Structure formats: C-alpha cells, structure tokens
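Going by the order they are written in, the chains are A, B, C and D; count residues from 1 in each one.
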C-alpha cells in the first residue's frame, strides 16, 4: 500500500524531527548546567592544588597514567591513579576539571546570548532604516559593511580587545548568595569587553539581513497600501517592516550564537578573554600537557562542540521550518 | 559597461574600503590605552628619552596632523617600523606571507575537493545513509573550534598513531620545489606535505563543512526550479540535468560566499598557526598583539584587507563570466 | 453605471484632472557612476499623460505589461513623486499639498492592489488590517464625532465589522489571519480596507488578474455594487479588455508610457481609431465557438524598451498601418518589410556574421559578400519584392553596404523610406470626444505644422 | 476523425502531504485523437496541470500516480516491448503505467514534449538558448540513431557521468554536437525568431517573454514529438503576444500533424484552438465533448458557471453570473462522497449527495458530463435546502479552512 517513495519520506520526516529534538535536549542540559553550576560543580573551580600525595594531577575516573617525579635528586616513574573525588581529573595547577567544565558553560552562554542581543540592538535598527529609506543612508551602511567585512572578524576582535582591555565585570552569583551552595566562587565574572567586541564584529550581519528584508518589504503592496492612507514611515517600520523581517533575523541570531561561542573560545584560547573560567582558556592550559595528560584539553573541547552543535541544530531547524533564504554569515573559530 | 570600466569602478570602491580599514585602525590605535613611546622603549625607560621619542614620532602633534602623516606614510608605501624589534614592518610582513599562503591554499583545496562531491551526493541521494553521514559530518565540522580540532589531530594522528610530524614546519614549498627541480629529489616536497597535512586539515575542516552544506542546500533548491522539470520534459539524460545544469548553477552563488569567507579563513589561519607553531602571518599577529606592537599589527591587517578586496574583485569579475544574468553593470 | 455617465466628461463634474503626468526612473545613478562619468539612463515609464476623471465615473486604463499603467496609478496617488506634471484632485494640485491637506487627500483617494497575497500584511489579522486607516486618521474624531456611549475602539471595531459584512465576509472573521483566506476573500479584505475611510476615489490596480474567473466575476460584481452604493469614482487599471469593457464608462489605452486613445467605452470597443487599440481588441480570443474561424492579424514583434522608445509614434515599429512617404508606392506589407530592414540597420542589429555563418554552412565553404547579402535578404524579407525592382535594388544596396561594414551608407541609402510616423510625434486631439494619437487621423495644428516642416526638409528620393 | 493516439482511463494522481492525502487528479478518462488539439480547462487547483505532468511522467514526490492507465499508440514501441511486458501491450497501444518507469520517461522529448506556463523560469538562465534547444535535438538524434534498439526504446538516451567529465576536457565528447546546434538555429528560425544565429548564442534573460515562449516551442519541437503538452502556454504573456504564440502553435500543428493537449484557464484560448474540450473541477473531468458540446450544449452547472463568469468583449452585459463560493479543498478526508460541486451548485439535488457517473449528454456522441442533469431536468422538489452545506460544515470551517487553503496553494505551485 505504501510505496517506497512515501516510506522514505516518512523516514526523512522522522530524521528531521529527531535532530531538533536532540539539539533541544542538549541545549536545555547545558543551560541548566550553566545556571546551576554552583550546585553541580563538585569543587570550587578556581581552587588550585588538588594533587595526589606525589604532587601529580589526577586522571579522570577509570584511567591511570605514568609520571616522572623527582624525589631526592632521583627521577622515579610512578603510576598515578584516579580518585572519586575528581571524576574528570585535575589540571596542571590542580584545579578540578569537572567543575571547570561546568562553570565554563556559563561564560560561553553568557557571551553567546548577550553578544547576539547587543548585535541585534545595533544591527537591526540600522539595517531596517537603511533598507527602508534607501538612498544615502543605505549607501553609507553598505560601504560600512564592506569595511567591516574586509577585517577578518577574529583579527578585528583581537584588535578591539586591545582597546577595551580584558577586565571582566564581576556580579554576585545569586545561588551562592542565597546560600544554596557553599565553597563556590561568590561572583560570576562576565567578560564585558568580549561581549562588546563580538557584538561589534557581528552586528553587520544583522544589519545586512535586516536591510535586505526592509528593502524588499518597502515595495510590498501592504506597505504601499499603508502609505496610501497616510501611515507615517515610523509606524510602517514598526508595524509592518519589523514584524515581517523577524523570521530571518531569528534564524540568523541562532546561528550567530554558535559563531560567537566559537569566537569567545578562540579569544580565550589565545589568552584574550579576560576570564580563566572559559573552555577556550582551559584548552590552552591543556595544550602543554597534551601528550601525557590529554583529558585537560579534551573535556572543555567536548563542551564547546556540544553546545555549538545544539545551537546549530536549533538554527537549522528554524531555518528549515521557517525557510528564510539567508546565508549563514561569517563564522569564527 | 565594459570590463575595464567595471574593474575601475570596483577598484575605486576597494580603495574606499581600504581607506576605511586604515582609518578604523588609526582610531583604534589612538584610543587604545598605553603610550606608544613607552611601548616602544619598554617599561622603565627614562622620561627624557620618552619625550624625545614622542617629539620625533610626532606624537605631540594634533590628532589630525598625526592622521594626515599616517595616511601620507601609507600612501607612499611606508608602513613604519616595528616598535619592538625595530625592523621594517614591510619586510616582517612579506617574509611571513608564503607560509600563510601555502596553508590557506592547501586548506581551500582540501575543502573544495571533499565538499563538492559530498554535497552533490548528499543532495542527489537525499534521505539515504550517505546523506545522513554528510549532514552529520558537516554539522560537526561547523561546530568544532579549530584550535581544539588541531590539538586532537596532533594527539591522535601525530602522537598516538604517529603518522604525521608534530613539530614546527621544516621546509617551505618554494624551497621544496627548488630542490625537486634542482636535484630531482622529491624528498623535501614529501616532507613539506607531511608537515602541512594536519594544519591544512584543521583549517580546511570548517570550510569543508560549510561548502558541503551550501552545496547540498543550494542543489536541493536548484533541483526544485521549473527549468529542471523542463530539462526532464525534453528527455535530457539525468547526468546532464544534474551536473551540466544544476551543479553549475549551484556553484555560481557559492563562489561569492567563498569570496566573502576569506575573512574567516584568515581568522582561522591565526588560530591554526598558533596551534601548529606555523611561521605565518597569523602567528606573527598574535605575537604583535601580545606586546601591542601597533605598526606590525597594522601592517598585517592592511595586507589581509587588501587581499580580501582584491580577491573579491576577482570573484565578482569571475561571477559576471559565470552568471550571464549578471552583466558588469 | 448609468447611461448618462457615459460619454464626454466635460459635461459632468471633474474630480481628477491629470496634466502632463510624467514619471521617469533612473538607472546608473550612484555616486560611483557619476565619478566614472556615466550618465543616468532614464526609463520613461510614464510620459506625459493627460486625462480627466468625472465624479462617479469609471475610467479604464488599459495596456500591456510594461506600458506604465500601474506606475501612472501610483504616481497620481502620490505614492511615488512624479518627474513632471500636475494632478488636480477637486481642483487642488496634490503634489503641492502640505501635510495637513495631504492627509485629507489620503482619506479621499484609495487603492486596491492586484496581488491578494502580498497586499495584506501576513502578521496582522484582517480586522487590524481594515482598522488601520481608521487608526491612522483617528476616526471617528477626525469626522468631528466623538463616541458618547462607546469608546473610539468600539466604534472602530463596529465599523470594521460593518465593512467586512458589506464586502461579503463575516464580521466574525475579524480575528483571522490572511493565510486562512482564499484569494478572492483576501481581495475583499483589500477592498474593505480601501473603503474604510469612505473615500471618493479608488484606484483599482488589476484587482482581479490574480483570481480565477469565477471569483473574478464575484469581485467585479461587488465593485459595481459598491460604486453605486457609495458614489465612488474608479480608475480601473487592467490588461484585460473584457474586464475593462464590463465596468468602465470611459477607457484610455496606453502604449509605452503614453495614452494613444481615449474615449467612452462603447466607442473604443465598437469603433477603435488607433491601430494599436484595433490590434489589441482583435488579439483577445472570444469565448465563442466561431472563434476558430475568426481571422486575426497578429502584431509583429515585441514592445520596445522604455529605456529607448522609438522616435515619433512609439507604436510605429509594430504598426500594421504605418504611413509610407508619399512617393513610395509599396503595399503595406512590402513597406513594413523595408522599414524593418531600415530599423535594424539603424540599430546596427543586422546580424551579418550570423548570415555569413549560415551561408557558409549551406554552401559548404567560403562565401563572398553577395551570397551573404542574398542570405540576409531571403531571410529578412519574408515579402517578395521582386515585383518592385527599384525598391528591391535599393534595399539590396543598403544591405550590401551593411555587409561591407559601412553602416552609415546603408542607413543613408534607405533614408528615403523613413516614415512620417517616425519623424513627427502624433498627439491626442484636444477637445475631441474620441481623441487618438495617430497620423492617420486629423492632427492638432502644431503637429500638422511639424509634418509640413518634416516633409519640406525630406530629401527627394529622385535626387538621391 | 482519425485514430486515437492516447487513451487515458481512470487516471488518479495523489499527493501525500503533511496535511493528508490530496486527490489532485481523480479517475480521469479521456481519449485524444491523432492530430487534434484537445483542451483541458479549469481553475487553479482543478488538477489540470497535474494531469499533464502525469502524462509526461513528471509527477514528483510527494505526488504519485496511484491508479489508471495511459495507453499510447506507437507500433514501434509496442513491438519493442511486447516480449518483455506482454501485459502492457494491447495491439498498437502500450500502457505507459504498466511498463517500467524508464520506458515511460524515455518517451519524453521524442514522443511527448511539453511547454510550460512561465517561459522565463523554464529555461536554465546560465546556458544559451541555442545550447538548450540543441540538447533537445541531440536527445532526438541519439534516440533515432538506434530506432529499433530495444535499449533506446526502453531506456531513453544514455549518458554517463564519465562521459560528462570527459567532455569538460575533450570537446569531441560533448553531448551537444555541431549538427544539433545548427538544427537548433533552424528551429529558432522556424518559430519566427529574427537573427537566429545571433539569438542562439544569447541567454534567456536577453529574450522577451514572447521570444522565450517561442524558444520553448522550438525546444519542444526538436524531438519531433507525437504529442505536445502545452501547459498554460500563454498565461504569462500579453494578449498581442498570446495571439502570436497561438498562431505559431496552430501553424506548426497544421504542418507537422502533431497532437496538442492544451491546458489553460482561458476559455477564449480554448475556443480559438481546440477541437474537443474537457472541463476539470476538483481533480475530475466534469464535462467533456466537442467545443460545441461544451460551449453550447453544456449540462454541468459548473461549465455553465464558468462560461457565465467571463465578461463578454463583444457585448456589454449587466451583471455577471459568477459561481458562488470558493475552489474546494482537495484533501481526501474533506471531499465527501457526493458530487464535489454540489456545495456551490445552484441546482443541487438530493441525489447529488451520491457521486454522479459519466452520463451522456446532448450534442455529439462524445458529450458526457458527471451530472444528473444530463439524465433528467432539474427537479425543484428534490432541491437541497438552502444553506445545507454551510450548516453541515459550520462547526469545522474554522479549523479546516486553513489547511485546505494551504493545500490549494501547494497545488497551485504544481500548476
């Protein structure tokens, strides 16, 4: 009764609906992990010195490795075993890898979300106005966009970091403050400079997409109709152009969260993120001990990949479901 | 409009863009913290000397005069001296270009040669295993930070499997080629290949994933267009419909996207070079940034921006050739 | 649509007066273009329209795609600024209106668009859509009424429901979104929106072209009823002659940005005066079993580009009644063939290389110019000029010159065949009840004078 | 007249969409004679285009031909496949739905050609017009170079990826040969394109709409097809250009003797071109017969409504007599068992709640209508009470109208 063609359609529909579900589950997990980091983490992620009695890092649970230590002028090979205390082991300076993994999600998500929001705030009005009014405003925007595009975004971000400095803003952690968790850092470091910088290198994509939408909408018949009975341009922009441009902007915003998470990781990896509680920074830490103690670099990398995948899956889902025709924009990393 | 006029027009626009880039750099440098003279001489230099340098460098002039001097210098091709090493910036940039160029080109070749066939297979065998595989691969590809990917490749292929060297690049392509031509020995070229394999793979993965996705979605879009039905209606063999008509039309817009992605490629190169200790511009840039060596940073960014502009002019010119609907108007 | 409305509007009260309405669009107009010394290219979308619309009448603006009819409609509502010209609505030039007066004009003049899918904002309920004009104009306060028992909002909602009911929808559908409606229903919403402020004048821009015939008929009937009920004045823009005939009192026929003929509907359809109108009417296939046997003479070629419209009469490149010079004794068909050759030589469009290739293929080898000329002549002149040896020779001479690359000489050789229609622009006869811009008809004095001048300076073919 | 060339019976094509099964074409019967122009007229969503695509084997997923037969008279083809598929062959007729799909699709270009509504999107924008027509010529040339070859007959023209890759390097491997290009130029000249040599090297965007439709016709003629399916060939064109295109079609048909299936919503075009007509509504042919049967002796109220909706150019009438209501949903679960037109029909009777069969009407012996009025006159006493259908569906209208509308749009896309 059911032909092969129809059957494969059904299978495809399942596959297509499975991926967004996976993305959603992943993202929710990561968000929960970030929000309740103080409750989930097993140690203060900033506390150093979790070494074994020989002064060696712990490996993750179920692993062991051999290390050379100097005792009394002699170099001895010892086998380091894992401990239940540190399920993912500890890093070079003896910090708990699992706790740092949990806290790392905070920085990634904060930068991703706030960066996109800021970029939206700058880019969307600019693009809508340029596209709707056209003429010189539009020319100006397009030239500006050309200039922005000529900078590799990561390079520009690095240069901007040089200007803004790297001092993070410290806000009190509500969960610790409420006394729900003890022995955890009392403040959350928000890398404000990084947020501003990623927004400054991202806004132009929002401006371009918003402009394109406004450009086509300004000739839409319903906009002409609104003009024909004397609606002001401002009202048209708010009531017609903005709501009808939102779909591609939402899709782009989702994709850009992923891009920004990768950019932040790159900045942190290069040592320009302002906070050490970042997955990218952690990978940098792990690089020097990559051969002997690879988990230090591996674990935070998996964090980045999972969170970026989850956001990208949602972005693809939106794109497929809402079908706006936009290019993905420049991606960092 | 004729092609020369089109190129003239685009060059004018390009010069404007470069001017914009240069101006942005000037502003960044002007507002960034730290006194240039101090940066030049190092902390703890004596105050008198600092004042002397300030005067020499025109740092006490009004900002507009400084800007005019700066533009004049650039127009005459004078990129200045590195604050730290006191070498000519021009030379410091040029000596690093080959390594970065090799890496970028190798990565692009890797990307295109894997991605296009993969995208085509994915689009034409939709809903089959190969499509799922390609989709999954490209999803991973665009979601993996390349410094981490580089480290993992070093760990797995370099350390655990041990088929690729993990050290600093041993030989340049130019030298390797000269050896091959001069002595007939391909040894150095093979060494070069060994060393560039992992960095190129690292830098290329993201693009492979991106182009795969673009090819797949572009081809699916294109396959739905009415002219495809018309080619079938006239009985054209499927191969021709697919490749002569559809793939060709799919690739046309992708070329433009790739031109615009040059920036990403350069950003990726910065990271990749750092990971692999690759003696290119990216690595030099990160070093310069660490010590706030503005003239050197400016020189590198300027070079990248100019290449971006030139490549995009070439892409646009190519586009008018590939897509007859876009005339040089 | 009463009998008295038909005929000359000069007798009835004029609502809208359009004088020399002109709208050009410019290409290549950016700063970089100016730097490179490129002149902007004008697209003459609308080029000097003159017409009046009487109160309560329906004027049809008919023409093929690209003739500028929609641009004309939008420009005379000031949705686009004109390049030149005056539009007087109730005696006032709408392009001079200050913002307060413009608001008043916007209440009185509305538009219904072609595409029922894009003319409604997909994110607004149809209630909001219809209420929009009321909100913008702060109705009913702007009418001097202030709700005593009910708030403005309630009054507006009531008004919207009344409108929806009037156009054949249900007031209950207030909260539905456009995608829940079919094309015909959406067009009804568009009409309700246009009527919300009780306008006097409505531009109907192809209101039924996107609809199926059965739905089209519903909408046409509705438009007729509404006109009678509210005393509306319509400007109906359409390419569909049967729709035009069905509801218009008078009709203006446009070709390439100009009006070529304007007259009461009955006149246009029974007694067209302009060759274009004739051809247009003839082209429409009738819904009739005898249609197969009706002989029609199809127009040749395409509408020329408005970037570079033909000189003189713009229809001359396709006209089946082009006027030959007095001393050219060719049949219309023969003359048309010669003029085609002339036009192509003038445009340097004669495909000499192609003909050479063709000839080479046929004769399997190198070909001399004479063969190429023959090839061109046999292909281009589908009319046999052999009965007209002098003309045939002249054309041959010109083509030979073109084949040799001497285009100027080729053009010169045929210059005696230039028609009056390309030298002098015909105009609509002022004051006439059925004016048509064609040299076959009596022309205004200034045009007649220009014709005489042109003839005086024309080279005598005998001396050439 | 002459012999039948195509016998379509009980053809059903369905689309399996997310909203449900769409019965785009439902049990369509028609016979088409060699050398005639057969018209299919209907409004958007009536299934006329899907019928055409079904004949061409161009129905794509999620659509599928689910039932019926399309029998095509071709002696050579019948001989070629009789051994392999005896059940599909009936004398000179081959049932195209009982043979492997490659056989059916292999007939495209050589036996069946098609021209489409929108010439601008139906040609590849980045290849020259000449090249595209030459491709069609080449298909015909390669197929006819092996006229009796079973492979050619049952598989269409073969061309491998390897050959294509080779052709990018070796000009001799190119699919399109010089001869085909020359023939393409001749075809362009045949359809009245001036300067065909120069024009052949131009791209579609350099052509006007009318010129493009001529080029499409040239492309369709390249294969010297038996049957030309013209799907709304003049809808996107102006009337003066429409007249030119219809002229060319009529002229070419006279010269080549090919059969044309003309699909349009324009009754005037039908009147001008067709010998026989089928009127489609909601996926069914509700009335068919000669032009006179349908235009003069029509019995189906839908046909009548359609004719009454068109404003007459020759004569100013008063009010038009439109059909009330809107184009119906084609979703299987919403269609009901009765006559699909009953809810809009001014003369619906109780028996209309059961689906009427094809009933012969007055006029020629080919005249049939799916309407009880062909059997007996309207009986007012049997009339359905006013508002019968509204009452019945009132409760669900809100929920259903959305989906049915979207489906209609989807179908429009296929039209």
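The rule is short, and it goes like this: contacts are C-beta pairs under 8 Å (C-beta built on N, C-alpha and C of every residue); 3 or more make two chains touch, one makes a residue touch a chain.
Just so it is clear, the model here is predicted, and its values are computed rather than measured.
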Identify the chain pair with more contacting C-beta pairs: B-D or A-C.
-> B-D
State the chain with the largest centre-to-centre distance from chain C, centres being mean CA positions.
-> A
What whole-Å value do you get for the distance between chain B and chain C if each is reduced to the mean of its CA atoms?
-> 52
Provide the C-alpha centroid distance between chain A and chain C, rounded to the nearest whole angstrom.
-> 56
Mind pulling the residue numbers of chain B that touch at least two other chains?
-> 13
Sequence positions of chain A contacting 2 or more other chains = 9
Scan chain C for residues touching two or more other chains and write them down.
-> none
Listed in rising order, chain C residues that touch chain D in their complex are 64-65, 179-182, 184-185, 212-218, 220-221, 224, 239, 241-243, 245-246, 265-266, 269, 279-289, 291-292, 294, 296, 298-300, 302-303, 349-351, 353-355, 357-358, 361, 379-380
Complex interface listing, chain A residues touching chain C = 139, 220-222, 224-232, 235, 239-240, 243-244
Residue numbers on chain B that touch chain D, as the complex places them = 225-227, 229-237, 239-240, 243-245, 248-249, 252, 322-325
Contact set on chain D toward chain B in their complex = 56, 58, 105-110, 112-114, 116, 118, 121-128, 135-136, 139-140, 143, 156-161, 163-164, 175, 203, 205, 216, 219-220, 222-223
Chain C to chain A touching residues, read off their complex | 30-31, 74, 77, 79, 102-103, 106-107, 109-111, 113-115, 118-124, 129, 132-133, 136-137, 190, 193-194, 196-197
